[in-house]
Amino acid sequence: MKKYYYWIILAALIIVLILLPKPLIVSPTVSTIITVLLGLALAGVLVLTLRGHMIGRRTVFLFIGVSLTLPFFMNYRMPIKVSPEVQTLYDAIAKLPPGSKVLAAFDYDPPSAPELQPQAEAFMAFAFKHNLKVIIMGLWPQGPQQADMAVTKVLQEPEIRAKNLRYGVDYVNLGFQSGNEFVIQRMGTSFSGMFPRDIYNTDYDKIPLLNGVENFSNIDFVFNLSSGQPGTVEWVQIAVDRYGVKLGAGNTAVQAPSVYPYLSSRRLTGLAGGMTGAAEFEQATKEIGKANTYILSQSFSHMVVIAFIIIGNAALFVGYRKSKQKGA
Amino acid sequence: MVALLRIAKSVVFISSLLFAISILPTHSVYSQDAGPSSSGLGSITVKAHDTDNDAGGSITVEWDDPGYEKLAGFKGFLILRAVMPSGGKDSVEVAPFGARSYDDRSVSDDNTYSYSVAALVNGEKLMSAPSMQARSSKQWFDSRLTWVLILGLIICGAVIYFIESAKRGTKLFLRRIAGLEAIDEAVGRATEMGRPILFVAGIQDMDDVQTIAGLTILGSIARTVAEYDTKINMPVRASLVMTAARETIKHAYVTAGRPDAYNDDMVHYVTDEQFGFVAAVDGIMVRERPAACFFLGAFFAESLIMAETGNSIGAIQVAGTAMPAQLPFFVAACDYTLIGEELFAASAYLSGEPRQLGSLKGADVGKAIAMIVILVGVIATTIASAWNSESMLWIENLLRQMFSTG
Amino acid sequence: MDSTLIGTWLAALLTLGIMSFIYKDNLYYKICEAIFIGVSAGYWFITYFWDSLYRIAWIGIVHEGRYVLLGGVILGAMMLTRLFGKIGWIARWPLAFIVGATAGLKMMVYFTTNAMAQIHDTVYDTVTAFGGGDLYNLIGRLVILLGTVTGLVYFYFSKEHKGLFGGVAKVGTWFLMITFGASFGYTVMSRMSLLLGRIDFLLTDWLKLVK
């Protein structure tokens, strides 16, 4: 087929997608049929592999793309069980009495937003509904901007809008400060030393919420959202071990395994790891958001990956058998 | 044996006590007794002193309870503070049920304070007499971390000892790292096929020790490359790494007696942008099709992209990094991986440099201490819990003291 | 017309351009990649300029009188000398300062948190589990204990891995590989989540096929 035909097909597909009725949600029956078809397709690939017909990389990519995309159109909610580490995190935040001051450290950037933004929104919604005072800061430049997006979205909720929360009284955004873990170290002595002004250039002393907040000893809880370095590890090493801060964290799935040792040694009070952790956190706080929508697609893609691991190993054994036969 | 252990235990206890007394702050004061309270119970005795092991700005208030908590209508203990000499009282905190001490962290080192504690019973405040004056101050040494200092000195001392031994010419034993054979095999394969070698020393700058380890191994590879006239291509992300790598390869060529074969373009700077760099490396792999790819240094998310591209061109790949999050990718996609400290061990083994060898041996001392302490600790603590053995209890207490960090 | 329409379409086309690489390297992908590299380099330059040079150095020194920051500015200027061949050696001094200061801060932090605290908790959590009555927790703690000790043996370089010692090191290798597998699985989840975010954008914000 000539090359430009592919572009025509792609353009036609995009036009069809634009013209389709929206939102496009299929019934549970159709969802089940789609799931079964996907399973049969994978079984077909396994049979082909066992017969010696190896599939290419692009077929794998196609299956992954389909398994991630189709669940968006399915009207089906996955039951989610809250794991002990997320429950611990939720319990620690829920126990805080109204008026408690919580430091929210946003240490991530937009690439990690699919995993961490749902956690940020669930946390901010819960904090505002339970009258916790939130002090936002970030060790990554885009962190406070992500926080701002979460706050803006959450403030649109009717229940929270009715509370008439005020910036500077109920929440404040101190912005980004460069220096990585040195910032945490310095905050142990003086917050205003590291953040002389907030994100809108208001002096620290002029912000009502920050009256009497000198250092970590005036903070009741620290909630850290982190996708790399500096992040949760640095917060544990300095804020928890040196200043006795109570810390809970939400991490990307890449970082979560390296943070589990701190969880098991109870230096970390709860951990929400990756998309699953985000979905569980949303369930625990009852602030159902994007993570619960994504989790079905995540599960489908994981099943496809597991299927291809089996198919790949089957291909390996078929290869061994063929080379043995040739050798014999 | 038991008697000796008892004596040792007593010595440790007495010396710890003497040490603790010697570093206690001197602002430890007690309250004067008040007269009998209206409820018929005794008075509350209040002590206030500078909080130990802090950077100042905190006074610890301690009090006893002659029985107020058991009274019906008891609400808590109200802590009151007066700045001396003006004496005006303001309330600091209501301590919860069961509390007998409170750290007041909102004081200034420039002022002197006096504290009172009032039991809140049925709307009444049953006051204690004020404590004598206390002032906060900072301590230069956190005595809770004494064992951290001692163990740190032991391990650092071991490192220095082994470095000095290596400098004096003592042969330090290091077990053979299996990955080094894979490196030799990869270089040999590239030479046979007449195709170049690709070397990436990580994406961090020279301040990262993994980059230094990678460049040390580069030195060894460059010697073989120079001898057999194999081409080497080394893209870098940091200009200081480029300078250091050029010096390393040039030295190898000069040592091999082939200075004319060296070309500065073997090592070239690409970009500081992480994914821009990896896109360039992928392009080099796809175009030049090196026979061997070496990824030795610090990597982040781009590691899998490079390893998969190298896999797709059929190159033999040897990787080494101490980044735990990237090791799984290298292990899955490369032919051989130097895991974590094996990278530094390989670097020390190949270079024979005293500082690297000594550091590795000193780190081994630390690992040995950790292994022994964990095993001895578990056994001793289990026996102490199950059979109440005194000697095991003593070991348990000692280990708890040593490894408790606050 | 929605004011974000152009931005949404631009983002969608760039997303599709980058994704087209999974089929084959092509001109569309190269254009999108070049835009990404250029924009990200420019973004980071501006961020560092305004956040570090202007907000900390300029305002700190000129407006707030914090002259101690001049030390940092001088060290930073010394780093730039590496661009010039003859005086490039000067750049080693600020590098030595950074290495030394970071080592000083991190050495005891890592030693306390990552070594001593972990040893303490490995020992006492295991012993607590013995008396806890929870079999699941006890098995978990014993596995952690075994993995810790055998992993340390694997990374012990002063003794040849032979005999019993070699056997224990082999067990350590198994623990490491299982850990890498678990970590790989977590990373697959993470990468899928990133792709999900983009697909959600395409379907929700661009095509508006789903809410």
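When the chains are written out, they are named A, B and C in that same order, and each has its own residue count from 1.
One rule holds in what follows: a residue touches a chain if its C-beta (ideal position, glycine included) is under 8 Å from a C-beta of that chain, and two chains touch if they have at least 3 such contacts.
What you see is a predicted model, and the numbers here were worked out from it, not measured in a lab.
> Would you mind telling me which chain pair, A-B or B-C, is linked by more contacting C-beta pairs?
Pair with the higher count of C-beta contacts: B-C.
> Report the chain closest to the protein's overall CA mean, measuring from each chain's own CA mean.
Here the chain at the core of the arrangement is C.
> Hey, how far is the Cα centre of chain B from the one of chain C, in Å?
17
> Any idea how many Å lie between the Cα centroids of chain A and chain B?
Distance between chain centres: 27 Å.
> Please set out, as single numbers or ranges, the residues of chain A touching at least two other chains.
Chain A, residues with two or more chain partners: 241, 254, 257.
> Of all the residues in chain B, which ones touch at least 2 other chains?
324-325, 405
> Out of chain C, which residues touch more than one other chain, so two or more?
112-113, 117, 120, 183, 187
> Inside the complex, what are the residues of chain C that reach chain A?
22-23, 47, 51-52, 56, 64, 105-106, 109-110, 112-114, 117-118, 120-121, 125, 144, 179, 182-183, 186-190, 192-197, 199-200, 203, 207-211
> Taking the complex as given, what residues does chain A use to touch chain C?
Chain A residues touching chain C: 17-18, 20, 22-25, 58, 61, 64-65, 68-69, 72-73, 111-115, 141, 176, 178, 181-182, 185, 196, 236-238, 241, 252-254, 256-257, 261-262, 264-267, 273-276, 290, 293-294, 297-298, 301-302, 305.
> Spell out the residues on chain B that touch chain A in their complex, using ranges where they run on.
Interface residues on the chain B side: 55, 58, 105-106, 300-301, 324-325, 405-406.
> Using the touch definition up top, name the residues of chain B that touch chain C in the complex.
145, 147-148, 151-152, 155, 173-176, 205-207, 239-240, 243, 271-273, 275-276, 279, 286, 324-325, 327-329, 331-332, 339-342, 345, 360-361, 364, 366-368, 370-371, 373-375, 377-378, 381-382, 385, 399-400, 403-405
> So in the complex, the part of chain C that touches chain B is made up of which residues?
25, 33, 36-37, 40-41, 44, 82-83, 88, 91, 95, 98-99, 102, 107-108, 111-113, 115-117, 119-120, 122-124, 126-127, 130-131, 145, 148-149, 152-153, 155-161, 176-177, 180-181, 183-184, 187
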